[in-house]
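Written out below as structure tokens is the structure these notes cover.
Lettered A, B and C in written order, each chain numbered from 1.
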């Protein structure tokens, strides 16, 4: 029996808004600092006072072009800003300066990896606009008697990127977002923080019968504030829509909000009010032309991007695909890895240590925390050198790493102070081994009768007696020697 | 004009029924005059949004001092602390 | 006596032009304080009748004048209009001085910043007397659409001074300011200039910064002077013109010394006379005065040739889509949240918005917001807004073609002399008053109105000069030559 779910294909398109890391706002000189006191980062321009006029931030345009090039988009030879009208109290002018018919860039793609499979997801358009202010409701919106407005965020540059409806599963949507975010971080155009809303994602999702080329009824999902929530919300929605269709219901085109606490989406309950944004070219700004030479200059200045770096890691360091993907997730992590490998040229060992130890402490995409890691790449390399030289054992090294992470000290300092240096002195070890052999006659007997595994237990006793500081290689060969002499 | 109420709603203007009716009459007369534009063939004509064509006007990404919240809130019809306050929001 | 007994309101200082005043300051024959006091006295005596001012900034003016006294005394004037008592249309933001735009919705709005034009005036030493009345949000041609009161025409108090800069025009026309600043979106400087017999100059779009000018229609608005004579217009334009990094549409074009251009003769100047500006239904007295003015210009050595601007008849219709469309957008911000008035009781946000705007805006503003919203709305955008923008291209091309043959175009400023208050109740009839000024805004060109005679009823008539982009110098030169060659400048209204 074929289950109903198998008859449908999921079609997802994502709209991502990214706050650009400019120093000042999109159209005025107010700083873009996050978390300042309410209404302290505003001026007559970003508060839309009568008579004020916008002036375009040059760097915001450059950031847009950089990103568009990284997404393989065509930069339009001309673009312009337009006014998008709707009334909402977080929007001081009751129109948003955005782009409409003439966006900055179009027709790009992004490489997405799911289950080791690479796919291209098309990018329809990329444009720039201004962010709105922040509303604080007196309780839930539905019951709040009043709301408070803070315009600090109003006018912060936003880059909106709309994907083609090329995404086929919630998992792929999450992968798209990860790849998207990684590129923004590599480019240094956005800090990618979804919790602080500097990166936001809305999704359009519909189902269609497999083999169908048209689209089903589209539902817009909002209010997803992490990668995980995007995936969860979409998974929920696939289930909801599949069940509805299986029951023979007709879906309605609507906007639904993801409720992360309860784990479901709910309709915004608004009457489906057809928005009429009444776009027209922003008369207070003049059109932009994209000088070919300047675009090529920006292209030439692009850093190595995640996909290229991943390929290079596999080639140059002969890393497995999994390691390369993980290590290139953020620029800070990939930089960390390469810095460590420069000091300690055994790429796979460095990769193992980063994946198992460093990433246990710091998320792979936390650029700031990685850059400020209490164990800098040089110190990790120092630790690995101690193992390599036989100064400490791998097991002790793990404890040392943790101590390094807590204290910020380097490996040498900790190992020396705590007397963790491995005992490789054959004289000292020989004496300990003699004692162990004397104390464990049964194990010795077993060994003599051919149970060679008994040696392992004896090594264990030696390690215990030396509090792990004995060099296991040296212990082993000394022990073999003694046993065969008995 | 077909739908005076719809346009008034888009423009967030409350009109009494009488006002709406008077508005419709006046706008119809004005639109009747404007209809003369149909006589003019504009096929292939580029629109002009600025009479004096200019391109590429920017400012450098330099932060400038803001005004104080007190200055920014001085004209507020209603406030709560350092925030502007608005009545309850009902989505339309 | 309207002037009020005991006050000597007629004063050589208030009858002086700005450049004459500056000469008196230079020679020590008068001081800015004396001039400012003379104007303030005259305002006290006459403005209750003329009603040109919404706000008089008496203390600030006296303080600014006394600082100017000191500069003149020590021989270090700030600029060419240092100490000149100047009125400013209440559409320009003035830091710490309420800026109403003639609207109830902004009745208590006190901007925390100055418009660039205000900064430039003050940097040049101008003494700002106050803020003048206007049609609400500059929408109108009579100043009757002010939310506060109507301004009277100094030549006939039963008539309108024109609009929307009617307060500024009446202030200069009635000697209640030595010079004034207005704004012109479809004729709002030139038409009241013509109606009050003052010189009104709308500069090229982009010539004067719009930063701090409360927007009506952003792609059409320009700030310019209203003055007692052409030389004063040259002086004031020089002060307020020039590139402003705060206005992206402000042109980075050098500003000539206009006053120095004025003395150049106009012999050989090629003047175009568009046949579409002499239409059936216009006042024959206006037509006669303008035709005579063209003969004067010819006698001064200019050549005149007829020409055609075929799209003229469509310009008004295009304007009444473009300007309201932009206005509907610019005025969306008046919603009772950040500034301006808010209705006391509203059941929710949308109710608050709709009621605040219904009570805060007057009928004409609401009409234009409705018209503009409609022109931009889904289903009508192409037929109205987009079509109008294409017609605008045709209007521009007409002028481009004309200016390949002539240096300046001469036409009437308005088809009629000033009308009576309350005479034009029908909005469309009011709009038709602007048919000769609107095409100039659509094309972004400079236009100047200068007095060219009087009707039998002693009402002033305006002659309009239209020039190439950024060629205000030629307009000023031609208008000045005309003004010098005719006796019209000598007449003043009898107000007391």
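Here, a contact is a pair of C-beta atoms (placed from the backbone, for glycine too) under 8 Å apart; a residue touches a chain by one contact, two chains touch by 3 or more.
Just so we're clear, the structure is a prediction, and the values are computed from it rather than from any experiment.
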**Complete:** Higher number of C-beta pairs in contact (B-C or A-C) found for B-C
**Request:** Look at all chain centres (mean of CA atoms) and spot the one farthest from the centre of chain A.
**Result:** C
**Message:** Of all the chains shown, whose C-alpha centre falls nearest the centre of every protein C-alpha atom combined?
**Reply:** B
**Prompt:** So how far apart, in whole Å, are chain A and chain B when each is placed at the average of its C-alpha atoms?
**Reply:** 40
**Request:** Please report how many Å separate the Cα centroid of chain B from that of chain C, as a whole number.
**Result:** 23
**Asked** What is the distance, in whole Å, between the centres of chain A and chain C, each centre taken as the mean of its C-alpha atoms?
**Response** 58
**Message:** Where in chain B do residues touch at least two different other chains?
**Reply:** 10, 12, 49-50, 54, 57, 59, 67, 72, 84, 86-89, 92
**Touching two or more other chains - residues of chain C** = 109, 112-113, 219, 245, 248-249, 328, 332, 335, 337-339, 349-350, 353, 373, 377
**Multi-chain contact residues (two or more partners), chain A** = 44, 47, 55-56, 87, 89, 147, 149, 276, 278, 280, 283, 285-286
**Item:** chain A partner contacts - residues on chain C that touch it in the complex
**Value:** 92-93, 99, 101, 106, 109, 111-113, 115, 210-215, 217-219, 245-249, 325-326, 328-329, 332-333, 335, 337-339, 349-350, 353, 373, 376-378, 381, 385
**Prompt:** Of all residues in chain C, which touch chain B in the complex?
**Reply:** 108-110, 112-113, 204-206, 219, 245, 248-249, 251, 311, 313-314, 316-318, 320-321, 328, 332, 335-342, 346-355, 357-358, 361, 366-367, 369-371, 373-374, 377, 384, 386-394, 396, 426-428, 431, 441-445, 469
**Message:** Considering only the defined contacts, which chain B positions touch chain C in the complex?
**Reply:** 1, 4, 7-15, 23, 26-27, 29-31, 33-37, 39-40, 42, 45-52, 54, 57, 59, 67, 71-72, 74-78, 84, 86-90, 92
**Request:** Provide the residue numbers of chain A that touch chain C in the complex, in ascending order.
**Result:** 44, 47-56, 83, 85, 87, 89, 92-95, 147, 149, 274, 276, 278-280, 283-286
**Item:** chain A - residues contacting chain B, complex
**Value:** 22-24, 28-31, 37-44, 47, 55-61, 78, 87, 89, 135-137, 141, 144-151, 268-271, 273, 276, 278, 280-281, 283, 285-289
